[in-house]
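Letters A, B, C and D mark the chains in the order given here, with residues in each chain numbered from 1 onward.
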Amino acid sequence: MSHDFIVRLHDTDAAGVLFFAHLFRHAHDAYEGFMASLGQPLDGLVRAGCRLPLVHAEADYVCPMCHGEAIRVAVVLAALGETSFTLDYRFEDGSGALRARARTVHVHLAERGDGDRSAAALPEGLRVALDATPSSPPDEGATTARLSTTAPKWTEQPDG
Amino acid sequence: MSHDFIVRLHDTDAAGVLFFAHLFRHAHDAYEGFMASLGQPLDGLVRAGCRLPLVHAEADYVCPMCHGEAIRVAVVLAALGETSFTLDYRFEDGSGALRARARTVHVHLAERGDGDRSAAALPEGLRVALDATPSSPPDEGATTARLSTTAPKWTEQPDG
Amino acid sequence: MSHDFIVRLHDTDAAGVLFFAHLFRHAHDAYEGFMASLGQPLDGLVRAGCRLPLVHAEADYVCPMCHGEAIRVAVVLAALGETSFTLDYRFEDGSGALRARARTVHVHLAERGDGDRSAAALPEGLRVALDATPSSPPDEGATTARLSTTAPKWTEQPDG
Amino acid sequence: MSHDFIVRLHDTDAAGVLFFAHLFRHAHDAYEGFMASLGQPLDGLVRAGCRLPLVHAEADYVCPMCHGEAIRVAVVLAALGETSFTLDYRFEDGSGALRARARTVHVHLAERGDGDRSAAALPEGLRVALDATPSSPPDEGATTARLSTTAPKWTEQPDG
């Protein structure tokens, strides 16, 4: 499943390229498209009281994205657990070159008797739908691998 | 060095809590405050043509942040390399409880003769200023440890 | 010319509806699409040093927009002057109902000898392209009329 | 009542100055500070089910705001009605020069028996608190005057 967007002026900053935090906004747009493609639109889940907050998000920036560029975000399920799932995102330009990657980890929080929420088994419909999606291709790396093990294109491996 | 903010209505979403991507905006505000505290304000660096883009960003969300909450972000240098540096951020509420953590990795990109940019040694003034900052306290963990090894407060360890 | 978008989670706030300022982000996306449709893509103009900043923006909110709703933004030229142009935006839902209106006024700023910028005649190519677009339909009201003269659907005319 | 902020990198765009829509985010921050100063913090009102959505927003941009600039936003009540109120905002730099103005109109929406909301008298506590605030200074102009009657500093009066 993929999501397309154009880098808009408000995505960029005075340094002339996409401001890093906006990548996560686009990843979340792709996540919403992914959920809709599963027949599990996020707006319906939220309205029904279902909460799937992120407990982790990360991104690697491979090559700056500039105003006006057309970007495609491919979303794949990277891991499916009892109470959580992990999605991987590849941001590619029109020539198919990798520009950035991102990962988000979502946990299902259910209300407890005391009004608080705690992690609970994923809703059955969502679990089945996620389980039926194509899994991450092998060359995407194991889900336990850190995203940033591949060196960014315009940098040496950060040496810190 | 720390940066304070209040969770505003626009930070939240229809699920009632801070939208995850906005955490990175606040982390960047803290980064800008950190750079100013070093005598290396980012706006001056950007105007002078210096580029320190993020090549990696990540966050762990421990406990949702709600509209109106006062949050303090503590910034520390986690690693300093030849061409890059890594910052860690702790988001704490008024009682000192950890609400989220984030990490950003910045690489210095210098213009080459051909107009492109590639990783280059950090500007000397910046390197010296970073080197003089207090280092990460030991209990923050080694910089090579994944941020998410500690389980979020309101979830079991994601089990994916 | 029109631009479609879906109200995403990050567009909403804890009150459950689109946060007002994000309407202007969507209006600007529609503006960028409008400029591209004229053969005057904004990213190319910005890169060429052309500046068309907004000197005025306004919006009337007729009916709240909710997470998951599909919205169409119609853009029309409302006025064309020597140094400026005005665009009007109608935000409609799937049934064609008006949800919001916006207006933006853009001025062409050209660099002067002293490094500052001041208002200057629109670039000829842009002026010709704008002049060839369909004009505002009459029922949209004269450009001098205040947008908010029509009462919002879910309010009486603000009585302040 | 005033609210201070620094123009951050994410406030700017590739044209090098504050992206116009972000001005409204800062205006809303000032509005939240204004409400807190009245003893009517917005987060408490929202949590209590009170809705004060904007039905109108507008801004005039007098002089571009750049990365790193310190800006003060002064908020004053411009009009108080039975069901609505209007706030005016002046954005000034460190030297007191006007950089932008904005106005927001808020209407109180109360739930009706059928689940919908419609305009209703302002909550008494809020109305009294608003009524006790200093009114708009005369030189700010009558509330019925269009904000943009004063020509922006770096433009001629838009001539559209």
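Operating definition for what follows: a contact is a pair of C-beta atoms (placed from the backbone, for glycine too) under 8 Å apart; a residue touches a chain by one contact, two chains touch by 3 or more.
What you see is a predicted model, and the numbers here were worked out from it, not measured in a lab.
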item	value
Chains contacting each of chain C and chain D, listed by label	A, B
Reference chain C; chain at largest CA-centroid distance	B
Chain A and chain B: spacing of chain centres that average the CA atoms, whole Å	20
Distance from the mean Cα position of chain C to that of chain B, given in whole angstrom	35
Length of the line joining the C-alpha centres of chain A and chain C, rounded to whole Å	30
Contacts with two or more other chains, residues of chain C listed in rising order	9-10, 14-15, 17, 21, 25, 28, 43, 46, 66-67
Partner chain C, residues of chain A touching it in the complex	6-10, 25, 28-29, 32, 41-44, 46-47, 66-68
List of chain C residues in touch with chain D within their complex	14-15, 17, 20-22, 24-25, 28, 43, 46, 51, 53-61, 64, 78-86, 104-105, 107, 109, 116-119, 143, 146-148, 152, 154-156, 158-160
In the complex, chain C residues that touch chain B	9-10, 12-17, 19, 21, 66-67
